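These notes open a run of structures that come right after.
Below are two complexes that have subunit A in common, paired first with subunit B and then with subunit C.
Here is the complex of A and B:
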């Protein structure tokens, strides 16, 4: 990564690379939807057909065991996602935010991180949570309404889910600045931070400010944008004329577009980006080109705004299938392996269901706890009055 | 209200003037009527076009009025409000949708610094006829930032007007009146009541926008509420009546400017006031009402003004919202305390 010219597409006015069957004029101008393959700059190491291809800048040596691990991660997190979606349908969760289709982007990025690295998720990052060692049961309370995430963000180095679009990007920039100020950047032992957000989020002021801050302070921050093509009902071209990874150049750091349905490529690019950051060459933007295969949330009805053709096309690029094909073709995995992964998934699904249906409601005191680090006498009086009222009420009934 | 140009009573009169509608449908029809009446009225927001908004309040409007009048904007609230300011300067009357209460804050700077102050700073040379629609309040079992009641921040800001509708007829008319208003209006919609039904007469304007209204008369105590809590107050009054207690219920409708004349009149008769609101109580609309009522009705009060509100905490995880939100029991408990004073 010597000169800025190498960071992105060399000629800003170059025509979009691959074209879809019939893009609209708006799509052509945007150069986005027209690139259903992600364009010429898309980094890919495993094609949708399961062919291993090479890339001049990003490649990776992967052992059969490692690839089996990535496969297992993706299958398990997909099962978690489908189970949680079903739990919502059964009334056990208020809402669920599906990650279906984004397994490779998240497992690839998550597995590139070291334990000492920090992650700032948005709200769809169940796969990242998995790689940070967070039990999927710990995600349920957020969507059931019993809590707002129960893991210890400091210990797990996984920040709470952030729902206000873009907020966490600045927070991540600040954290990464802290890593730098603490002298934790500069060699192979260095620390780095990853920040996750969507294509829609790239319009939000906080995200742009995050780009500016991280650049000005050379922060060890990997901006990981999952471009799943949709921000609820708005396609990516409502947010940008330019492919999103090319925005990085304007802020003075590299931007890479990776096939977000290719776990190998995502792992390779993210590892590289994190290493750059550790050594003091951050920040870096990664755009993981992927697709939201399900609704925005369980409350959403995507048939109102997108065509099933698009979904069908992306089905052919499934992130898990291509790894399975490759594992089989290489004879790196046999049916016993695949069956064991299925069995693990079944077990995980059952644990999740069991846990969810037995989750207790939080006690009323929880409303008032931890609002302040040092307490607040006005609030404490309010709490006492309310708890008094509640107990009087219960007493009156019995 | 500066609305010289349009006379809706004849312009948009459908075959049957009185219809039973939900609040959400009434808002949709009100927006449509405003767009038909004035080509300068435009809608801006996230997912309001093809999708019709996450609550479908703008359903069908983009299809019928086009993408230049119903804008699916990029995802940025500061952008939505900030560009609405520029469009207003150009003569448009933007109606901005904030997807959920908790997402208004990225736009807060533009609202407080520009929307609220431009008329003042330019000595009236620039008007800000902007409506900012905010589905607000809890009770829908949602995740964080989807159940908040931030109205006091805006009522606290000079230059902004703040209203909230509680029923379909008001929804239909108030949204049109807000759009006609030459001042910026924060329009708070009671999202948990979106699907409640009521009769709407599309030929009869029920009265001016910035007026509160007595919804039920009573003699023993007065309840004041707005937005989603009006239903709660009415239910409480119904329950109290069965026990022989007569409660007067006033729907505030306008939070800034406050229209407290009907409240003063009521409290002078009943001697007792309970203010009901989902918002936290410290430095709130409810506090302001309490202060003004004790000032205006001091010698009529037989008990202190009581507030039944959300707590002074962040909105809790939704399994706790039943405890957090004022309900019939908490309202009646306050009424009992007031009566026993």
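Here is the complex of A and C:
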């Protein structure tokens, strides 16, 4: 009974070739690949064509003003992303991690959070940072190598970017367990935690451990996986034999797949998930089904591993266009509104350029100053020696 | 006042030291806006488009397409205040002075004492300069004295020697590693050169001028001194092609078979289809017919469309045909693919081939479009060549060469007639494809071209 062929129950009268119950490996892969459409379980409220559809479990009342706000968020964060990408190409940033295509997943999830909720990002969550009230300029130092993000994680309720893949899932699980121990869970005023990671991170042990701990402690934690289909050059089908949201079942909590390019559906599902968590019914896994339209980072060349027709297909599912179409169709926005958003975006882009090119280089002493909270004599001696050495050079302060 | 700014080549990935200029999208005199794409460069990692950092007017392009530029070296001068006074012609020195933050080579000290650094990481050949210590004595001519050879006694002075060539193992001339490599590549003996750089360091220009300098006329006139030869660094597509061909020729045992076919019926069908409404505007080439015949014949002989996977000790049979078309482009030989060619009609194939050729000729074939082919056609006929022995594209098991179609005498029903004759050559990997299958496949392709009606029997 060691052959994998024997692990499934043989179909009566099964044809020697593959059947629906016993697909070949190629058919499994093809089926996963066909998840371009997200499958039957995909929660969607706004189609790529901008048609509003309903869902029996996750519907949402949205005012014109709210939807205009979501549209504005997405346009602005896309501009931030494109501007930062260009700054890297101009030599002003060492690297940039583009979010292009994932605006709806991030804005929808971010806007579902309350001020009291806590967020643990990976390194592509520029849109979440935006919804937490963090000025995009505060992200630039991380990618210029001058600081590690300048926001106050406690005040903004937004943890620093985590570069190690999946590591933040453990931090988030621990934090959410703490919320539960502190009695901040249980009613409508409860707190919850959001943890952001990608499809690639789901192959990491850290994510598994986070799932296990959050599950057994009923932690108020929403695992928000942005499945952008590519873990750098590795497609999802080579990392999982089943859709990612179905993994939650094995850990004992619900998993939902939402159209990550649909800001309304993402908002609705995330709001529900956060409410479940704050009432003590966590954790929950959300798989936001989306697509990374640009490279993994500015150091990556996606044309080496993926076909351009895939990109073309996803262009038709643009998260911003469908909202624009819907706004126009409903007569909820006029050209004046769209122009003002464009103007705001231009202004934001200019601020970003200005800020980036004028960023001061950090002092050499910074290497030592952020290591221990209360100092350390050995390190201080090293620091003094190094500063003395550096000051021996002519010109400049370092 | 016009204000000139120079844009230094950035490190677009982590740790790159240089890039090749592919194409400029602007020329001097053009008005540019912030973030407008001005140039496409090719790094070791990718072809990348660079956006313009400032709005203004392009004054000068400082690098030619094809040129390899070190990171940090200015590539374009832009006048960011063209509305000012009349633009002087020579802007470069002014730019170096006026713009302390974003111009100048990395490592060079700017006014204000700031050292221009590249934001990013990685080594910088040639640019990283050690900074002076504050109270170090003036380094005057000291280094020259240090590196001077330890004055060897003039043993039996060789008067005839044209250049002071030292014995191996002696004094090593000063040159940066990339320059050493360049000299090695070009066959230049560094010890024969005098450096023009600081402290007598031999520069890239020294090496290049040593190559281009006409050698003294020699009595031995049949010895070519190199001036009538042209050396082109092996890189990019040419390098990839060479590697692929060598890999292929030395791993797959090639067998080549030939077949001469009377393709008159095919050409007649082509003439008829050209007048057909469905084929209006479609560029229906003999290549399209050949492609169609190939995918039909491959159905009967799937071996030619299979792959030898030596790592897994398996032969991989494929239920799809990604048909490669070897195309000559300005960047060299590329083999873009028609995906799932076996599912295409003749018309779809013709359209796909036309598109493929246009994209390839423009040098815009994406790397992804060149991967994962299963079988290839090389259309040597377009060069007027009758046939050849094509070398397999690595990983594939067969390649078909389509020769020129000529009017030739041919025996038809015992009489000599003038017919359209074409030669086919099929090379295949003998590990995967036996002579019987290879011959069957070639005969099938030939039969389909000789009488397209045979397609009815497939």
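We take it that the second predicted complex is superposed on the first by the 362 of 398 C-alpha atoms of A that agree within 3 Å, B and C clash if a C-alpha of one lies under 4 Å from a C-alpha of the other, contacts with A are read in each partner's own complex, and residues count from 1 in each chain.
In the analysis below, a residue touches a chain if its C-beta (ideal position, glycine included) is under 8 Å from a C-beta of that chain, and two chains touch if they have at least 3 such contacts.
Remember, predicted model here, so these are calculated numbers, not experimental data.
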Exercise. After superposition on the shared chain, which partner residues are touched by A:181: those of subunit B (first), subunit C (second), both, or neither?
Worked result: neither
For this session: Would you sort A:234 into first (subunit B), second (subunit C), both or neither based on which partner it touches?
Result: first
Exercise. Taking the superposition as given, does A:366 touch the first partner, subunit B, the second, subunit C, both, or neither?
Worked result: first
Exercise. Between subunit B (first) and subunit C (second), which, if any, makes contact with A:307: first, second, both or neither?
Worked result: second
Exercise. Of the two partner chains, subunit B (first) and subunit C (second), which one does A:145 touch, if any: first, second, both, or neither?
Worked result: both
For this session: Count the residues of subunit A touched by subunit B and by subunit C, then name the partner with the higher count.
Result: B
For this session: Examine A:200 and indicate which partner it touches, taking first as subunit B and second as subunit C; both and neither are also allowed.
Result: first
For this session: Could you say whether A:94 touches subunit B, subunit C, both of them, or neither, answering first, second, both or neither?
Result: both
Exercise. If you stack the two complexes on chain A, which partner ends up touching A:378: first (subunit B), second (subunit C), both, or neither?
Worked result: first
Problem set entry | Residues of subunit A at both interfaces, subunit B in one complex, subunit C in the other | 94-95, 144-145, 299-300, 304-305, 361, 393
Seminar exercise, completed: Seen from subunit A, its contact residues with subunit B in the complex are 94-95, 123, 141-148, 163-166, 200-201, 203-206, 231-234, 238-239, 299-300, 304-305, 361-362, 364, 366-368, 371, 378-379, 382-383, 386, 389-390, 393
For this session: Give every residue of subunit C touching subunit A within the complex, in rising order.
Result: 7-14, 34-35, 45-51, 53, 101-102, 109, 113-115, 117-121, 131-134, 339, 366-369
For this session: Going by the contact rule at the top, pick out the subunit A residues touching subunit C in the complex.
Result: 82-83, 86, 88-95, 144-145, 298-301, 303-308, 349, 353, 357, 361, 392-396
Exercise. Subunit A touches which residues of subunit B in the complex?
Worked result: 46-47, 49-52, 54, 72-76, 78-79, 102-103, 105-106, 141-146, 282, 311-314, 316-321, 323-324, 329-330, 333
